[in-house]
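Which chain is which? They are A, B and C, in the order written, and residues in each are numbered from 1.
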Amino acid sequence: MSYLRLAALAAFALVPLLGASFQVIDLAMKIALFATLVASYDILIGYTGIVSFGHAMFFGVGAYAVALALTRFGAPTYGHLMAGVLAGMAAGAVLAVVIATFSLRVRAIFFAMITLAFAEFAVILAVQWSELTGGEDGLSPRLPGLLAVGGDGGRLLGVPISSRLVAYYVVLAACLACFLAMARFVHSPLGRTLQAIRDNALRAEALGVRTFACQVAATTFASVVATVVGAGYAVWVRYVNPESTLGVPIMLDVLLMVIIGGIGTLYGGLVGAAFLVTARQSLPYLSRVGAALFPGSALAQALTERWLLYFGVLFILVVFFFPRGVLGTLRQASARRGSS
Amino acid sequence: MSEPLLEVEDVHTWIGQHHILQGVSLRTRPGAVTVLLGRNGAGKTTTLRTIVGLLHAARGAVRFEGRPIHRLPAYEVVRLGIGYVPEGQGIFATLSVDENLRVAMRREDAASRERLTAMRALFPDLARFAGRPAGTLSGGQKQMLAIARAFVNDNRLLLIDEPSKGLAPIVVEQLVVALRTVKRQTTVLLVEQNFAMAAALGDDFYLIDGGRTVHQGPMETLVRDQALKKRYLGV
Amino acid sequence: MRRLAPLAIAAVCLFGPLAFIEARTWLTLTIAGLAMGMLVFLVAAGLTLIFGLMDVLNFAHGAVFSWGAYVGFSVVALVNRRWGWVDSPSLSQNALAVLLAIAAAMVVALGLGIALERVIVRPVYGRHMFQILITLGATIVLEELIRIGWGPNDQVMPVPLALQGSWDLADVIVLRVPVLAIGMGLLVYAGIQLVLARTRVGLIVRAGVENREMVQVMGHDIHRYFTGVFAAGSALAALGGLMWAVFRQSVSPAMGGEQLIFAFVVVIIGGLGSVTGSLLGALLVGLSYNYVAFLVPKAAIGVTMALMVVVLLARPAGLLGAGK
C-alpha cells in the first residue's frame, strides 16, 4: 500500500517538470487540494463518526483569511501570507471549538442540521459584509515575492522557476504536511480512541473515555486542516469568492468525493478527488460531444450538459452498492483474500 | 401432551455479534401457563422477542398451532392470535387509556367490544381513567392496561415478560389474581424473575441458562427441587 | 409553567417589535411574517412527522417543494395559455386555476413521495448518515431534472388576478396572497390535528411516533404508515412550494434547498415529532425574520440562527419536543 502512496506522491511532484500543460498542472493541484480536504472530512465522518455539513466553511475561512491578509494590509509580503495562514488556522480552531462544544451535546441529527445552518449563515455573511469580503465578487489577492504573477527565480537545473512552479510545490508541500499530520493523528492513541467511540460510544463511555473532549479535539483538528487547504487554494487560484469557497456546492463535492473514495480510508480522498475533478474538467468536451452527436436536439444537449444529474445518480448507486467507496471495497476484498 | 399450541425448536438468535440464544426449545400446553425462568441475561426476553418476530431466528423453527411463524414479521405473527406484553409494558404514554386499547384492537367489532367490557370489569381503573393520558397511571395500573390490551383481541396465546418488575408486593398480588382469571381463557407463556409469582401461576416450567433450555417439567417439581432452584436461579 | 414558556416567547416576539416599528408597518410586516411562517410550516410539518415516526432525515424534502412549485407553475401557465384563466378577472376561473395547480402539485408529490420512500429511503432505515447522503443524492437528481425539464433560470410565476393586489382596511394595505397563505396554513394545521386526533390512522401514527416497535406488536404493518406519512409530508411540501412560488411570484430550481434550511431550523426549534411545535417555531421564525429584515436587513438570517441557538440552549429537545 505504501508503495502506491509513494508513487502517487512522485506523480504529483513530477507533473510540472514533465512539461505538462498548465491545464494538467492545475488539475493535479486541484486534485491534491481536494484530496487533502476530503481526507480531513474523512477524519470527522469516517474516523470519528460525526456527520457535519460545516466543513466547507472552514475551507472558506482559510481561503478568506489568506486573501484578506494579502489585500487589506498594504503591499503583500511573505509575512502577510504566513500571518494569513496562521490567522485562518486560529480562527478555524476557535470556530470549531465553539461549534463543537455547543453542538456535540445535542443529538447527532441536530448537529448535522446545525452545522448546515451555520454554513449557510457563513455564506450570507460573506456576501453581505462586502466592505470586508468583497461580497459576491470576492477578492483577488496578489501574492508576494516569487509567488507573484510573473515572478521569475531564474533557472534551476535547466528548469525555469516560474511563480506557478513555486506556488505548486509550496502548496503541494502543505498538502503533504497535512496528510502526514492526519495519518499521525489517526494512528495516535487519540485517533484509536475516536475509532472506538465511533464503533460503540456506550462502551467507550463505560470504559472511562471522555467522549466529548475527544470529539471536540477531532473536530478542531480536522477543521484546522481544512483551513490550511483553503489557504493553499487561495494561493493557487488567486481568487476567492463565496460561491467557490463556502457553502453547499463545495460541501456536496466533498461528500461526493468521500463517498466515492471511501469513508474511513483517509486516502480514499485521493481517488474521489481525482475522479470528480477530472470529470469536471472534461465535461465541456462531453457537452461538445453531445452537441455533435445530436445536433439540434435541445433535450439531448440539456441531458449532456447537466452532468450533475449523472453524479447524483452515481452518488446514489455508490451509497447503495459500494457504501465503502472504491478504496474501502478494495481494502475489504484484499483483506478477505488475505485471510482465506 | 395434546398438540402443543406453541413449539419452539432449537432456536438460535444473534443480536449483532452476540450469540444470545444457543438452542432454545420449548412447548406450551394449550390452556396452561408455562413459565420461563432463569438468571438475568440468560435469554428469556430474547426468546419471547424471537417468538413474536421482533428478532430473527437464525436457526431453528417456531411453530404456532402447527404453522411455522419464524419467518413472519411481527405484525403478521400477532395477527395469528398471539398477544405480547413486553417488559416495561410498552404503554403509549401520550395516548389516553382508551386510545391505548383502541390501538390494540385489530378490528373494532362487537366481539372486541365485548372483550373490552370484560376487561373493564376486571380492571375497573381502566374505565375510571379512560380519557387520561396513559403515562399518568401508576405502575400497577399500567401493567393491568398492558394485559387488557393483549386481551382485547381473540388471542389464543399470551407472551408476558416480567409483569411484576418494579411493582410493589401488594400490587403483585393483585396482578396474580388478575392473571389467574385471564389464564382460564387462554394459554400463557410467562417470563418471570419473581419465583413466588411464577410458582403461584405456573403449570409448567422451562429453565434457561446461557441461551439454552437446560431443564423443564411441571412446576411442582421445581418448587420442591432446592438444588435446581439454587443452581439456575440463585434462589 | 412549561406550557406558558413558548407562549410567552411568542408574545414577546410578536409585540416586542411594536416598540421599534410604527403600527401600520408592523401590521404589514406581521402579516408577511405570519405568511412566510405558514409556508415554512407546510414544509416543516411533513419533516417533523417523518422524523418523529420514521426516524428518517429527509433531505429530499426541499426537492419535492421545488417540484410542487414547478408542476403548479406548468399547470397555471397551461390553463392561462389555453383558456386565459389566470389573466381573467373572473374569480371562479382564477380559483379553478389555483385549485388545479394545487391538485396537480400534490398528486405528483404523492407519487414522488411514495417512490422516494420505497426506493431511496427504505433500504437505509436506521442508518442516519446514509439517509442524509442518499436523500441528498436524490435532491441533486430531482433538481437537475427540473433544470432539464424547465430550464436552469428563474422564471416568473403567473399569479391569478384575484390574488394579486391588496385590500384596503382602515388605511392599511393588506396584500391578498399572504392572507391566503395564512388561511391555508391554518386549514392544513387544523386538518393534520384532526386526522391525528380523530382517525384510526392518526391514532396509529401518534402511537408509532412514540414507540414504533409496540405498534408492530399490536398487529399493524408500520411500513405502510411510513410510506403514507412520507407521501403526505411530501404533498404538504409541494403545496408549500407552490404557495411560495405565488408568494414570491417566481420559481427557481434551488428554491427548495433554501427553504429546507429554514424548515430544519423550525423543526429543531419546535421539537422533533411535534406538529404544533413546528407551527409555533415556523411563526416565530417568519415573524422575527420579517421584523429584523425591516430594521436591520443584513441581520435577518442571523436572527433565525440566534433563535435556534437560544432555544437549543434553553430546551435541547425543542419547545414542544418529546425529548426522546
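Here, a residue touches a chain if its C-beta (ideal position, glycine included) is under 8 Å from a C-beta of that chain, and two chains touch if they have at least 3 such contacts.
Because the structure is predicted, anything quoted here is derived from the model rather than measured.
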Tell me, please, which two chains come out on top when C-beta pairs in contact are counted per chain pair. A-C
What chain sits nearest the middle when you go by CA atom centres? C
Could you work out how far the Cα centre of subunit B sits from that of subunit C, in whole Å? 44
Chain centre separation in whole Å, for subunit B relative to subunit A (CA means): 55
So, in whole Å, the Cα centroid of subunit A is separated from that of subunit C by 34
Residue list for subunit C, restricted to those that touch at least two other chains: none
Touch list for subunit A against partner subunit C, complex: 45, 51, 102, 105-106, 108-110, 112-114, 116-118, 120-121, 124, 128-129, 248, 252, 255, 259, 299, 302-303, 306, 308-309, 311-313, 315-316, 319-320, 323
Of subunit C, residues touching subunit A in the complex: 51, 57, 120, 123-124, 128-130, 132-134, 136-141, 144-145, 147-148, 257, 261, 264-265, 267-268, 272, 298, 301-302, 304-305, 308-309, 312-313, 316
In the complex, the residues of subunit B that touch subunit C are 52, 54, 73-75, 78-79, 84, 86, 90, 92-95, 99, 102-104, 106, 108, 149, 153
What residues on subunit C touch subunit B, complex-wise? 200, 203-204, 206-207, 210-211, 213-222, 322
